[in-house]
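Reviewing the structure listed below.
Labels A, B, C, D, E and F are assigned to the chains in the order they are written; within every chain, residues are numbered from 1.
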Amino acid sequence: MLHTVNKSPFESASLKVCLGLAKPGSDILLIEDGIYGALAGTIHTAMLAEATSAISVYALGPDLKARGLPEDRLIPGIKVVGYDGFVELACANDKVQSWL
Amino acid sequence: MSETKKFMYINRRPPYGTVYPLEGLEVVLIGAAFEQDVCMAFISDGVFQLKQGQDTIESGMKNFSPTYRALGDYEVTRIYVERESLEERGLTEADLMPLTWEDEDDDWAEKPSIQIVSRTQLSDLLEEQDVVFNF
Amino acid sequence: MKLAVMVNEGPYTHQASDTAYNFIVAALAAGHEIFRVFFYHDGVNNGTRLSTPPQDDRHIVNRWSELSKAHDLDLVVCVAAAQRRGIVDPDEAKRNGKDSDNIAPGFRISGLGQLIEAGIQADRLLVFGD
Amino acid sequence: MSETKKFMYINRRPPYGTVYPLEGLEVVLIGAAFEQDVCMAFISDGVFQLKQGQDTIESGMKNFSPTYRALGDYEVTRIYVERESLEERGLTEADLMPLTWEDEDDDWAEKPSIQIVSRTQLSDLLEEQDVVFNF
Amino acid sequence: MKLAVMVNEGPYTHQASDTAYNFIVAALAAGHEIFRVFFYHDGVNNGTRLSTPPQDDRHIVNRWSELSKAHDLDLVVCVAAAQRRGIVDPDEAKRNGKDSDNIAPGFRISGLGQLIEAGIQADRLLVFGD
Amino acid sequence: MLHTVNKSPFESASLKVCLGLAKPGSDILLIEDGIYGALAGTIHTAMLAEATSAISVYALGPDLKARGLPEDRLIPGIKVVGYDGFVELACANDKVQSWL
């Protein structure tokens, strides 16, 4: 299943709650302010970096660009997709859960 | 309205996810006409508002980041950024847009508006204010 | 595939409405069917024709109306959520004794059953909110 | 609409601070008429929605907590509450409103609707669903 | 004392509008002056007369209108925020080519200068939001 | 000065940010969902309990009641006030900062 997270981990517990319930093999897509969770070198990096071994993590490119974050600032292994990739992820998974 | 008060505009949210940063800037620009003693503070995710290289074309939103560069022209010359908030987010001052103002009393020399301050310094500055807005 | 979309926040204040729009445009471009877009909570505020954003910004309401026209999109505003927040069509205005309405072209007001039906009929339900 | 799908309504927010819990309940009640396979999950601050003894008179808001007791009549009989969320908040099952349903197949015996489940169990339940709503 | 209040969220969705109202009622009861209530961001949605909440719930918009009438409260809706969100008075409707307006009794639309002025003139500014 | 916090500490960083900037001698009033920060026996209790030695912490009674939380569930030392007490705190302090 696909989980989306749209909140900054510095402000909201959404990403943490998502990681607590997402099963190995799940996909997580970070969108809107959720893309800050993808940043390397922050106090919250470890939480997501550990999860990337069992879970595929994606970040929405247009939201990264809006916020001035180039791909080389992200945790290694996180894949960047566009809105077309978002649609593909939604279709490839059997359902979508939005952690708002 | 002859009185002069100390106004601080605290920015605590990241840009684009919500409209608060954009509408907050609109308050600061209008407020500049009232000639109060004004400063801005960027803390928590608010520091992301000043990140260089914002490009909203693909997301279709309005890129309002150039407005920060105009703050100097509106005589908003003191922009405090909390050091701890930058560090927690893996950012340095080099990640921020360079914001400047021209000092009339110093032959219009261009001077930096951004001051990186510690949480303790910011706490002191907050205590000095008369009116505090949050966006 | 048949996709349904739920939008839970109003225009401008949160990015939810923008993301939903961009997702739908991409889904249509990829050949998918949008079964319905359901506006709930503050999402109902996407459906007011009285919005006039600054000229240098996107017009979120008009963008929905135009997308609806171009792709025959079913844009449904929840009646209960709309009543709380003051989004009304001519019928609702009459029923509630209001002197005017404000619904934008392409939107219709209906009940929560339309959301449940979307959940049942669509292959995927996508929720955008705060 | 002959198809039957598994619907889960996830409640993750505390009551009254926002309208999401109240408007979420309205979806559940309307949804009951569609005879799908329905359950509710209360996690994170959502567990506070089920706290006993809510009294909104002084705050002037509408007390919608009695509606939870009606869920059994709408054939919403499986209400999962995450144990870890309760523990993190210093709550126990005794803090929650007792919610029940009447089992038609067991001489209308009154049975508890609330099941305290672990995070792992909830994760399994989530995986089984066809459609997930969040309020 | 002279108090100013800023309300940044719409009715029902967030408790901010309720808390602001209860605070103001208590301040008036204690003999304080309310210099102005300024509605910004989604707070402008407190000012629509098209709202019809369920009969067993409080009517947040009417409550503001009645409090304004009883205490001569100055309820100011920010024009820029209101334009984005579709809150218009007859003047704004004319200026922006809209066929109707929706402002509730007791509210007036004005500029952000009214907020700054409130900050300068009042002894305390209280902000209620999300 | 008076600080108000209206967010749950389980979901938002508001209370933590407030405590990081509030000076000894300040007042903090927990309102709306912020009152969950006043609860004893939670994973976030220690953060506020430590602060009560230098800062006066208040919780808004009507918001506690709405959420079914009696006073005996609160961290010792936290005072419960009504809307009238909120007004008094706003006037007694030189300014009010809302951590939203």
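Note that in this section a residue touches a chain if its C-beta (ideal position, glycine included) is under 8 Å from a C-beta of that chain, and two chains touch if they have at least 3 such contacts.
All values derive from a computational prediction rather than experimental measurement.
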item	value
Neighbouring chains common to chain C and chain F, by label	A, B, D, E
Shared interface partners, meaning chains that touch chain B and chain D	A, C, E, F
Chain pair with more C-beta contacts, C-D versus B-C	C-D
Magnitude of the superposing rotation for chain A and chain F (Cα, nearest 5°)	180
Farthest-lying chain, centroid of Cα atoms versus that of chain C	F
Copies chain C and chain E touch via same or different residues, half shared test	same
Maximum centroid distance from chain E, chain identifier (CA atoms)	A
Computed distance of Cα centres, chain D from chain A, in Å	28
Centroid spacing, where centroids are CA-atom means, of chain A and chain E in whole angstrom	38
Chain centre separation (chain E, chain F; CA means) in Å	26
Set of chain F residues in contact with two or more other chains	6, 10-11, 13, 32-33, 62, 82, 95-96, 98, 100
Multi-chain contact sites of chain B, meaning residues that touch two or more partners	16-19, 44, 59, 61, 131-132, 134
Per-residue multi-chain contacts in chain C, two or more chains	12-13, 15, 22, 41, 54, 80, 84, 125, 127, 129-130
Complete list of chain pairs which touch one another	A-B, A-C, A-D, A-F, B-C, B-E, B-F, C-D, C-E, D-E, D-F, E-F
Chain F contact footprint on chain B (complex, rising order)	10, 12, 43-44, 84, 119, 122-123, 126-127, 129-132, 134
Residues of chain F touching chain D in the complex	6-8, 10-11, 32-33, 36, 39-43, 45, 61-63, 65-70, 73, 82
Of all residues in chain E, those that touch chain C in their complex	10-13, 41-42, 45, 48-54, 61, 80, 83-88, 93, 96, 98, 100-102
Complex contacts: residues of chain C adjacent to chain A	1, 3, 8, 15-16, 19, 22-23, 25-27, 29-30, 32, 123-130
Complex contact set, residues of chain E against chain D	12-15, 18, 21-22, 54, 56-58, 130
